[in-house]
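Chain lettering (A, B, C and D) follows the sequence in which the chains are written, and residue indices restart at 1 in each chain.
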């Protein structure tokens, strides 16, 4: 058998910029889609309903067949919904935060329909990836769906979202530094083979933003760069065929925190902190992460959360069991010890965890 | 018909770093390829023969069925060669500059074989794109082939290549700024539709390098970033299905120079100058281009070439006819006038063209 | 945008012949799969357990990670199962009748794993298609999954299966004649566009078997031809992107019977009868269907079932509402009347429905 | 790496029936193509020019940018032509016999344009396959291009073509019997791996026509079946990724005849005779081939050609060297001897070679 060039799926619609929500109808129609089913997150209607429906209902060519306000990401809800939408649905559009996007993405996957992803915040790279986090058999579970057919991001909306969502996006994007390093470590140990192009794209996604000049993280250009970077992170995973280029030891720590804490922080907040910890452990580019998370105000924000260092200690110990088949730095006992030590030694970490 | 997610081909092998040439055999073998036909550029054997053949001949599992030293990019040579290589050839490997890579790429395309691209200089993005420049019917002609199956770049080799090749690569990469702007201009005029993801990837390719801190353009990290950026430029074209995200008015000026001057400069040198000119015409990000081409030493190098401003004046007039179906800034008479004016007005341009 | 050649997915493993079950391990291993999760139908272990496990457990290279005997095709069971199988599963293997194959096919789809289809009877083309019939929201629902990665059919096993399963397969395969004719009728009415290649493949699938000389429907060659024909029917649907080339008015009648009768007959039995009825209505190739279903003994078998003609009368009236968006012959009132009439007029139908 | 479902390219346009040539414009336009370059075979204009241009020129939406009457299948002509057609060409249409179709197919391949294949005779499966036979470096050479985007066959035209072309098509289609058997033989010897689905499709292609009832080989239905069968043969090769399912020892004998005789017969005539010879050697389904080639009048026609048995004797000896990497029956010395013997022993062969 002849070696074949690797083929991947990429989004067809990709619109990122101010006031894109006002032209939702136009972007959907120009790709030939006329009948959609809508999933919008709780509260989205109150916040942006005028803009969204002003656009979707103005054009006679576009029909919203059904509209679901949704806060339920259980597999029961999703399968029940997926197989009761109208037979002539041509695409699923999800508008809102990570939860409703994941629901809409999975409904689209189950029905083999294009999914158009319209995030109203950019707390992580889920709006641009093939993965979802759903509630199955009583557990939050990472499941595979399909790369969105369209991604439409209104940077004017993102700017208005609470700052913690932007910080969360920043935390998620820097995590590619430690994730890629973990992946290369696994290859060295003979556990897996990295995809070199996925590595390159993942690195570009983070490097282009951490090296970008900006004066305010709410600048249009900065937010656009963040969205683009998170999208490239999604593409890196698509190339790899798995989440490794975007998710390493720092994600395992965050998953562990999700399991054990009653009220976990936003995904990217946890991941950003854990990524800084792991960069110290890996002894790799920690200055870059430190500078970026300091300059953007991420660490200052984190300090206000009054996090408990014990949670992170426990999470570090639990992390390897989240994905026992991997072999990241956190799977190595001595590196786990080091991870726990740096919390009490690094001045930034001591500060955010309020350790005297 | 249901809208389908867009699918593109991407490289399977992607190795960029110091001393990669010494492990050529290993990278080829690990993708299951055992019998190759080699095309190497003139003079490459003298420069790097020991490294190349030291690697290729050391492993009994890998066979070089045929080895062609080549300086002929005529279609006659290529078709004759393509259909006389051994029947059991499993891949074509090209090692050298743009010319031999294009020959090898097209032989592989004609024989439906994987192509492994091993550039020894990075004068432009051809090592990572599906296009070739061949000599057909007495003319240099841009033809379509296929995205390389593998890209292997030894940054230690690139560092040893004459500086003009690195400058050429830098000139080619900044040209994405004007190329993308031209493409968006064409969309505005209703002449074409841009692919938004291709735009995003093309922008990331240039932004990640122009924003990168460096002390010397021959640093490993800087060269790796350049190679990665040129690769992303190739991927942007693959996504677009044409060269528009990577080639606009500045490339047309360079093509015109190739046609009219007896001894054209390196592609990226011409393109870099033309890109700076056009950024002034477009009134878009010219400061960024100016700063990058000044800081890296590109403009200082260009000054040593004693270029004739009249050539550029003529080339600007010829440029629209190179691709009459397009509608870039250079296709608009008033912008052509402005392009000619800035040569005599901008202080940098006056300096490099030695205009008093 | 350039028109693109249409690309479809086809099975990689395709083994049809006597005693193939004994070499199950070999066929799976040669495609590089080493760890499987098994779904087997109820009663299959008693019938063929020795052969199946004799093969699967003999080779140390192949591991059955989990084994599920299953009679539940509810979405609840499937999603719960899909996300609790071992993380290192490389493929899902389904062995048994239509129900267990559909469950296994959908588990594989949800987990993005290759599905290997091992039917122990050939009652319809489901073993070789991307579709499944599952129990969702309290209804039998046709859902889309993915073309099997492998199809392994042991004709020696099929021969031992009760004759009604072979008759069902024969009924399903002749139905392509009326299904294709309905599809062309819809195109004529402007309701849809047929895919000409799908039409051709669907026709070849039925023509190659109805024209085949045989002495006994349990001959190896005849059964192999039946399996191949049903596989081609699956491929025709894959080409079409929907079930139209394989499922027309006759399938709608059968779906209606499934809804209204307490104990429906096998799918292909109902479909075969309905296909003969519709061929008379369409006035197209009814002689061919009549001859094939008479010669093979299908009609004689059907007569033993003592079917109630009133069920078919009602089903004909219900049929259009099963898929209100289609426009087959059965969607036209006058053809529905004719369909009901022929039951009382055609001598074969009178005979099987025991109408004096 | 996860095993991936195998993906192949298939034609989008597939029109086979009487008077299809009169609607050429409609079939092309409905796939969105508006500007074509035409290649027509020598003499085609005289025979069918009125019909062809009556259709192509009637609709203002369709433009024939260039029209080439061509009898030159040299690579020089093709490359020169390919890169001088208008830049806005959207598709290449070839009308005529095998030679012009191959030229047009390769021009389309070189320019990455869709190719629409409009055969005016069906002498072999080339109109529906990705392969071409071109004249390169002074030799007829089999080269790889791409599966046609469209296939349009006017059976009314085919009926008017000289009978030898239909006989040639029949000879080519029965050859799949010996070709597939050779391929399975090679797998047994460990030389290659067959693709089971390609085997199935190749078998279906021949079985559906050899089992078809007909009264005259010029019947519309029979000719349509022939076209469909040759198309499926093309698809079988596409699935296999090479020509093995459609071309075995019998094709090697024909290729040898092409090389040594001054005026070779039509491809399918030679292949049909060689296939019958090899079926006797393989001791496999020779009765079926004998019956089909006798009943259709193939053998009677062949007798009128007064072929020289010595040519076939020599060709049998040369055959293995045509493709030394294969291992068909003809590559085995004892089977070559047997092949030569049967010419003098089999009554049919004695008759057509006029051996007393």
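Points worth noting:
By our rule, contacts are C-beta pairs under 8 Å (C-beta built on N, C-alpha and C of every residue); 3 or more make two chains touch, one makes a residue touch a chain.
Just so you know, these numbers come straight off a predicted model, no measurement behind them.
Centroid analysis (C-alpha atoms only) places A farthest from chain D. Homomeric contact chain B/chain D is classed as same-residue, with over half of its interface positions used by both copies. Averaged Cα coordinates give chain B a centre that lies 53 Å from the centre of chain C. Inter-chain centre distance (chain A to chain C, centres taken as mean C-alpha positions): 41 Å.
Within chain C, contacts with two or more other chains are made by residues 2, 112.
Listing the residues of chain D that touch chain C in their complex gives 2-3, 5-16, 31-33, 90-91, 112-114, 146-147, 149, 195-197, 199-201, 203-205, 207-208, 211-213, 225, 228-229, 231-232, 239. On chain D, the positions that touch chain B within their shared complex are 75-76, 79-80, 83-84, 87-88, 110-112, 136-137, 141, 143-144, 323-325.
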